[in-house]
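Input: structures, listed below.
Each of the next two complexes has chain A plus one other chain: chain B in the first, chain C in the second.
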Partner chain A sequence: MSNGAMFRTCPDTGLKFHRPAESLMKANAVAAVVFLLVGGFFGLLVGLTRWPEVHLLEAESFYLVLTGHGINVLIFWIIFFEMAVLQFCSSTLLGCRLATPQLAWTAWGLMVAGALINNYAVLWLGNSSVMMTSYAPMPADPLFYLGLILFAVGALINCFIFLATLVIARSERTYQGSIPLVTFGALTAAIIAIFTIASGAIILIPTFLWSVGIVSNIDAGVYRLIWWAFGHSSQQINVSAHVAVWYAIAAIVFGAKPLSEKVSRVAFLMYIAVLQIASAHHLLVDPGLSSEWKIFNTSYAMYLAVMASMVHGLTVPGSIEAAQRARGLNSGLFEWLRKAPWGNPVFSGMFLSLVGFGVLGGITGVVMGAEQINLVMHNTLYVPGHFHGTVVVGTTLAFMALTYWLVPILFRRELILPKLASWQPYIFGLGMAGVALFLMGAGTLGVPRRHWDILFSGAADGGYEFSAAALTMMSLNGMSVVLACLGGALFILIVVGSLLFGRRLDEGAKVGREMIAATPADSAYKGIGVGAITIPGTLAMVFVFFAAFVLYYFINWKYLAETWGIS
Partner chain B sequence: MTSLAPPTKQVWWREHIEKGELIWITVVVVWGIIMTLMMPFWHVYGDQNLSGETYKTTPAAFLEKTQAVVDQWTVRTEGQFNKPVVKPPVGADIYLVGRLWDWWPSYELEAGQSYRMHIMSTDWQHGFSLQPANINLQVLPGYDAVITVTPNKAGEYAIVCNEYCGVGHHNMVGKIYVTEGRG
Partner chain C sequence: MADKNEQIDESNMPAMQRVLDNPFILLFIGILIPTLAYIVWGIMELISIPIAD
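Right, the complex of A and B next:
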């Protein structure tokens, strides 16, 4: 194939798409959306069952569906999408051919097969309702572990293909100087993914062998230690990936450039630097681990990552503010934000993701990760409340926002139902923020996670009567789940509808609106902001955030101090 | 250039840092240090800390010790299965078994007094969740974890299981009664 046939230059953005990479990105993105649909539907069933007045499913179906929900959305949807992000950030952003597309198809096939096998074990065999964490020694079907292992192998291959593509781009000089910031973010995600999958292999392979009778015993404590090295760092992949997507969208919508490449890149590097045993904050009330170990591994491992996220939380909106001000929206603290394109789902989704991740997911994760505070939160609904803030409002909403841009640019289809699309991030974001808040509220009142019946209608000698406030929280959570699922369904309707029925954009045809905003000239950046501070609006916002953080942090220490003495 | 393109200055680590960024980074670093210090601080001045004292043991050995406590200090039985309610002397070592699907036995403790509570699972993982005190611990098979508890309020407490442990999980409930201390 000649070079011209191998590549397509996007008429709107000037990006050079390697055709084989393009097909792979589409395949990964489509697989992602399919699993989002499946897992999201299960989420609806979970929410409706937890709604005390509705209590939809029977116990066994509830635990089965809860297992399927976690695995399909948290693992399959997100990681398939991340594979597309890795391919985009390497091949497309560097204008380079993707290394070994053939192998990348094998990886895709392995991942699809793994996901199907795992779902077969959970949904069809019905003997693998072990939740996403599959804590040994509770056994699942061997196919459950096998499916996850195949999926992980596929993902691992894609990470190496990503690295190989970076090497090719460098040696073929498809770009000058350093790789772009967004690619750098993707690189951190890929490196973390390799570590993550290695940990996953160390624990899932013996567990698989145990499930078929070759290994005789899996220690519950060791399982948790290694499983969380995998489980925790996989969340770090998501954070790196969605932060990279935030930067990408800031560039797409505003032509924003990083305030400082150095700060943003070092912040990404910190995610890698603190990987080792960051699983500690999942084990804070586990037996057999000393407080010294817990404190060291949560603080070096977590607070550094937290710092990094807090830095991105300034630099992403800060870069937007600077670009807007350079464009003349320079008056007051917030003109730049007021006049942002709130009707464009690419922007609104990204901005809601940023705020939601920081406020709902970030603050609560740090509070819950303080060694002693964990005593009053561990395994309550506070935990899923927290991670619906990080992974759904944060990661999922960011990926949805990017998808609205990818539909015309990658899939070459005009978006259908643009009016609905402009509402979708708000509906989904609001619903999911409700889920996060009400689950955390219920968790604070002691309501357990992964629990079918908090009314204890079947407990032999009576159960425990949770407060009316806790039950109200669960009803409100149910309503929020419905709203969020409406938003999720709209997303799938719009995206799938566009791929099937959207107006086709021919090779040379332009979308007709600006798909990557022009960067303001360097000279336009001179004299923006107030005095020496170029981004006063963002600074004001992060200080409000910080005040809320400090307040909430100490409130929880006080809450802890009111319970029984423990030593 | 934007974040989608290589940086203009080819060597990105020589770029300048915005003043706003510097202010924020300083705040963030200081806050990270404060939060890290809060945990050891609480170990010294706070009343809720896990000692981490743990012994590896077997279900049989743990059940035997539990049975001994039940035999010695049971004051009554209750419920459909005549579950013993054990009233141990202040400061005693007491044993709580988490198993499919109950917490065994029940206890009656005194407010303001301390007890060395050993908790272990004899099968799968469970979650000890004491309500409404809202104290939550992971309970593992093979790990005898010792927690010295000092109840601070009289009343009836439930132990809910908050780690999923199979289809009977939501019915796994235990009891701890706390009586007014002798002052």
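Right, the complex of A and C next:
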């Protein structure tokens, strides 16, 4: 195949798309959206059952639906999309061919087969309602584990293809100096994914063998330890990937360049080194593990990863502010933010993701990671509240934002319903922020996480009476779920509708609006800001964030102090 | 000539940048630290629990 036939140059961005890689990106992105649809629908059913006045499903179907919801959105949607991100950040951003496209198709096939087999076991056979954690010795059908293993093997192959593509780009000299920061972020995600998937294999393969009767026993403590190296680290892949997406969108929409490449790369390095071990916060009440192990893996090492996230939380909006000021929006503290393109879903989705991830997911993650105050909300609805802040408001919203840019650039289709698209991130973001907040509120008041009926209404003693505040939180959560699902449905409608019915863009045709902003000249950055401070608006937001962080942290210590009264 | 310049540049590169530019060193770090701190240490604690009589 000639070079011209192997590559397509995007007329809007100048990016070189390796055609086999482009097809793979499309296949992974489409698979991701399909599983988002399935998992999102189950999320609606879960939310309507958690709503006390509705309580839609019976116990048996609730656990089945909850299992399908967790695995389809937390694993299949996100990891399929991340595979597309890895291929884009390696092949496209480095302008080189993707390593072994045929093997990448095999990997995609394994992932699709694994996801379908797992769903078959959960939804059709109906004997695998073990929820996402699938704690042994609670048994699921062998196909449940087999599906997850096949999916993991496919994803692992893709991670090594990503590394091989970096080697090709370096040997063929398609870039100068270091790889771009966005690709570096994707590399971080790939490395965490390799650790994550290897951990999954270490525990799921013996569990599969146990389910078919070859292995006699799976130790529950060891299962929980290694499963969480898979289960929580899989969410750390998301963090690295969506931070890379933030940097990419800052460059795409504003032509922003990082405040300091070195600082951002070192922050990613801290993710590589210590982000995965935060998995330990799920085991803070497990009796078999010592306080030394728990405290090192959470309250010491995890804080380095938190610091890395705070660095990104400063540098991403800071780079946007600097670029906006360099374009002349230099008045006061927030002109750069006020005049940002809030009607562009690529930007609004990314910015809501950034704020939601930091405030809702980040602060609460630190609270959960402290051994003492973790006891206030361990295994309550606070936990799903927290991860809806990180994974849904943070990751999913960032991926949605990028998708709005990818539809014309990668799929060569004009977006349909642009007005609706400009509203979608707000509807979804508001709904999901409500879900995160109200679940955490209910969790703080003690509402349990894993039981179908929080009121235990069938119990012989008449059940348990939660406070009116807790029940109100659960009702508000139900309403927020409906709003978020509306936002999710709009996303699917706009994206799938655009792929099917959007105006087709010829290979050489431009979209007709700016798809990538030019980087302001270095001279334009001189004299920006207020006095000697170049990004005063971002620093003001950071101080508000820190104040909220400190206040919330100590409020939880106060809650803990009130747990046992001193007489 | 270009190759020679590049070699000179790489030899002058700070050690930290060499680490950050090498995906396989990063992969090694990313596997080693959590494997030791989380998995190996955790497993050692779990298997040292005495078996009940």
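Following the convention adopted for this analysis, the second predicted complex is superposed on the first by the 560 of 567 C-alpha atoms of A that agree within 3 Å, B and C clash if a C-alpha of one lies under 4 Å from a C-alpha of the other, contacts with A are read in each partner's own complex, and residues count from 1 in each chain.
The definition used in the following text is that a residue touches a chain if its C-beta (ideal position, glycine included) is under 8 Å from a C-beta of that chain, and two chains touch if they have at least 3 such contacts.
Here the structure is a predicted model, which means the values were calculated and not measured.
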item: Touched partner set for A:289, first chain B, second chain C, both or neither; value: both
item: Chain B versus chain C as contact partner of A:12, first or second or both or neither; value: neither
item: Chain C versus chain B, contacts on chain A by residue; value: B
item: Contacts of A:178 with chain B and chain C, given as first, second, both or neither; value: both
item: First (chain B), second (chain C), both or neither touched by A:229; value: second
item: First (chain B), second (chain C), both or neither touched by A:279; value: second
item: Which superposed partner A:265 touches (first chain B, second chain C, both, neither); value: both
item: Touched partner set for A:297, first chain B, second chain C, both or neither; value: second
item: Touching partner for A:219 - first (chain B), second (chain C), both, neither; value: both
item: Touching partner for A:166 - first (chain B), second (chain C), both, neither; value: second
item: Footprint overlap on chain A, comparing chain B with chain C; value: 178-179, 219, 221, 265, 283, 288-290
item: Partner chain C, residues of chain A touching it in the complex; value: 163, 166, 178-179, 184, 187-188, 191-192, 194-195, 198-199, 219, 221-222, 225-226, 229, 233, 265-266, 269, 272-274, 276-277, 279-280, 283, 288-290, 293, 296-297, 301
item: Residue numbers on chain C that touch chain A, as the complex places them; value: 16-17, 19-21, 23-24, 26-27, 29-31, 33-35, 37-39, 41-43, 45-46, 49
item: Residues on chain B engaged by chain A in the complex (per definition of touch); value: 1-7, 9-21, 23-25, 27-29, 31-32, 35-36, 38-40, 42-43, 46-52, 54, 56, 78-81, 83, 102, 114, 119, 121, 123-125, 127, 129-145, 147-152, 158, 160-167, 169-171, 173, 175
item: Residue ranges of chain A in contact with chain B within the complex; value: 59-60, 63, 93, 130-131, 135, 137-138, 175-182, 219-221, 224, 247-248, 250-252, 255-265, 283, 285-291, 295, 298-299, 303-304, 306-307, 310-311, 314-315, 318-319, 366, 370-372, 374-380, 444-446, 448-454, 456, 458-464, 466-467, 516, 519, 532-536, 538-539, 542, 546, 549-550, 553, 557, 560-561, 563-567
